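In the two assemblies presented below, chain A is common to both, partnered first by chain B and then by chain C.
Up next is the complex of A and B:
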């Protein structure tokens, strides 16, 4: 159901939501960028609409609001262990269409790929998703090419201006928050008004990709991997900003004051960073950055699709924007497609 | 042609008396080396109108317009006026050219306007110092550099200002990728290690260069909100005892540094050798005479240092002694 709410009333509504939900949204963290006097847009908790960055795409995706970078899975002492309690509050996560499509990929990996993941599931079940529109395309996204530019899988859609907030509430759980505001939206008629609010989606992007139609084994020895591999520094930024990268590693921590107690954590991992393919005995598989790049690129556009019938990549373009060595993932895909591999 | 030129006055008006009789050079000082490109055109015009068409890029980030006739100084001063205004140089007499002599141009590396390693805006800080100290006949050399790489070679200056940042670490964002550890080891001082998959920073070793922050792929390491500086003092080149500057303050703030520089002018006025040629004596030699303790007393007078600022209580310089 659609609503047009004066900004001040919407700000109060938002405060009300905050009492019931932990709200995660993209925020500008000024001064926290890589370089001096630069900021970064990443997810954090918000209490007001004004804190949310609606215009620019976040540098880091929403996934950290659902999959913490560090998550304690269990605490252990000599003979016992316990699972940490889940969060008290439910969550609301603000995100864009590409990211909602990424959520489907996260669900596939954590819920539909063998046994369900306990930690993901308990948080996911208590999370609602608020869509932010994209009236303009971002610089590096190619969601239109990937078919992720539009979605109706949201619980709530919000569009803000200085004077009004437009909402489309699909969630029964959230609709009570909007009830009191209906009359405020058209005070002259003192009637509730049925309003259609349609999310804004980008119709075209600055970038477009063509996915390769089929892949032959020649792809494994394509010179592009070595060429880009020589430039890659293996920092893993492309993985950490990606809304669909789901890999983690395990860490067992023994507390320094008492080594018989400790905790087991799972922590984000990157297939580009040293150590990812290390195994017992000291061997590791993909040693060169070129091999690692190939693994990642093909996972995004081929290997995941083999299992789930749709590509993993949602075309958000964050990896393209973040790479410090200007390695263009878009160019990699288009090169493979052009050469008909 | 007879020439009656007050060379002392000309030198204090930023003109060089060259080795060729009647010919000098006009020195255009650019604080922090930061200028609008249109100034280049103005310099060109002076060089082509009154000089020999050649401009020397000075070691202290200025232009030296060669081959000017000393009798043209007044006309050149008129042409310098828009440059002086664009650069916001303190001027005693409008149209009178550069009113500077002893205190040298405050030079700076490119800083965080451009450089990914720089920890602050060097040009902005250079201009702030410029406004505080110019014009001045005492011999001071001040330079600023964005990070401990010291591309501006500030340790050869009386005051060398080196940008620092206090790394802020959020363990909840750390994925133990070791990019910071490798970065610190390869590019800096190897001050980081991992314990229980989290980073431990050796605060005694850390020089605040910020490499860990630029390397971190998850924003676990970020910069401190406050900008910090290392203040190296009394480095110098020259004939008798060239030497590198030594750290006076570590983790200092901008305001304190400006005050210390101003205090040092007072110190020099008090203790300068009255017989010094041209009223100029390197500060370092004055401190060698008075002792560092006396200098420190003057330098820190009325200065409110940050609680985290480390003050070196004793400094002994070395360098090469020729005389």
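Up next is the complex of A and C:
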């Protein structure tokens, strides 16, 4: 059901949502960017529409709202262990089309690859997704190439201007908020607020990629890995910004003020960072940054697809934008495709 | 909702000391389990460690643990005669059915013997189910030899070559890497043979190369891979090689597939 709602009324409606849901959306955090005077767009909780950055793509993805950077799995006392209670409030997460496609990839790993993940599932089941449109393409995205530029898998679509908010509500759970609003308006106004609302999707991007059609064994020794690998500093940022990277490391700790108590956590991990593969006896695998770049790039465009039948990468372009060494993932894919590897 | 990260308690029934830093913990366990599968042993506030099943019996599994760091130290210090938490079993393990009627050759390096030991035990108890059985087990030095009592049992109904990489002067037994003993193996029917190779990555690679030189088909070779593992459940990503999750699809692989697992 679509609506066109005057901004003030929409702001009130949003406040009402906030009473029932914890709302996660991209926000500008000033002074936190890579360079001292720049801001960064990442996810945080919001109470008003005005706090949400609708125009620019977030530097970090929505995934931290579903998979915290650091999540406690078990609490320990001297003799007991217990599972932390789930969050009381349900969640609303604002995201874009590419991100909604990324959600499908998170589900694949956390719900389909082996047994279901308890912590992910219980949060996921209590989360609704709010689509933000992309009237203009972002700078580094290539969602059109990846087939992720459009989606109908949202619960709610929202578009805002200073005077109006357009909404398309597909979720039964959310529709009472809109119906309630309709009931409160004059019958004349109610007519003009109900209408068809179609999300805005990008038709083209500045960047485009062609995926290689097949991969030969020569890909392992392609010079591009070493060339870029020599520049890579192994900082892991390309993993942390990626909405489809899901790796974590388990960590146990005891509390400083009470040695007998502690917890087991899982913490985001990066396949580009030292230590990721270390095993007992001093062995480790993929020692060079070049090998690690290959491992990641091929997961995104080849290996995940072998398991799940669609590529992992959704073309959000975040890894392209974040790399401090200007390592171009887009160029890597296109080079491999061009050379018919 | 089932929380697969929750460990269950298991009683340490017995401890068998092999070396100063390698003990077998005999644990109570009564579910389905195969040789070569593994458990995540869980020490609250210290962490978890994947440990292979090194023996299976009624109401019990053996875990042979080498003391190397945080979690394994804790196990050695505090859990003798106690209860351990663990979760699992995980992974595919060795399917003993695959080897029935075959001539079996087990080639193991060091603690690599643990994951295949259940297979050796099984056919040692059922020699009529195989055409023959040979075990080549290599250890660093005489003081690193594991499962001494089992070896004296196995020697009764199979060919055993127990070798050490190096030994002090006067040592009686075979010396040299396991690969040294592969060329001299006589395989009665190559098509009906099964080679199980487990050990450090370099050892498995060179041993498989030697076995292939005997004209044994690739599909008659099995290996067991070891990778960093944080979950055992296909989630943490650490164990992945290309499209394969060692914790879900392995750790045991037929060599026809295993040889493509290149990092």
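Here is the rule we use: the second predicted complex is superposed on the first by the 329 of 341 C-alpha atoms of A that agree within 3 Å, B and C clash if a C-alpha of one lies under 4 Å from a C-alpha of the other, contacts with A are read in each partner's own complex, and residues count from 1 in each chain.
Note that a contact is a pair of C-beta atoms (placed from the backbone, for glycine too) under 8 Å apart; a residue touches a chain by one contact, two chains touch by 3 or more.
Being a predicted model, the structure only gives us computed values, none of them experimental.
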Given the alignment on chain A, is it a clash or a fit between chain B and chain C? fit
Go through the superposed model and pick first if A:207 touches only chain B, second if only chain C, both, or neither. neither
Between chain B and chain C, pick out the one touching the greater number of residues of chain A. C
Reported in degrees to the nearest 10, the CA-centre angle with chain A in the middle and chain B, chain C at the ends is 110
Per the contact definition in the header, classify A:251: touching chain B only (first), chain C only (second), both, or neither. both
Partner chain(s) touched by A:269 [first = chain B, second = chain C, both, neither]: both
Scan A:280 for contacts with chain B and chain C and give back first, second, both or neither. second
Should A:235 be classified as contacting the first partner (chain B), the second (chain C), both, or neither? first
First (chain B), second (chain C), both or neither: which does A:69 touch? first
In the superposition described above, what is the shortest C-alpha distance between chain B and chain C in Å? Please give a whole number. 11
Identify the overlap between the chain B-contacting and the chain C-contacting residues of chain A. 251, 253-254, 269
What residues of chain B sit close enough to touch chain A in their complex? 112, 116, 118-121, 146, 163, 165, 171-179, 195-197, 210, 213-219, 222-223, 225
Parts of chain A lying in touch with chain C, wherever the complex brings them together: 73-74, 76, 81, 83, 109-110, 113-119, 121-122, 220, 246-254, 261-264, 266, 269, 271, 276-281, 283, 285-286, 291, 295, 298-299, 302-304, 306-307
Mind pulling up the chain C residues that touch chain A in the complex? 1-7, 43-48, 66, 68-69, 85, 200-201, 226-228, 230-231, 233-238, 240-243, 245, 247-248, 262-263
Enumerate the contact residues on chain A facing chain B in the complex. 29, 31-37, 40, 42, 60, 68-70, 235-237, 240, 251, 253-254, 256, 265, 267-270, 273-274
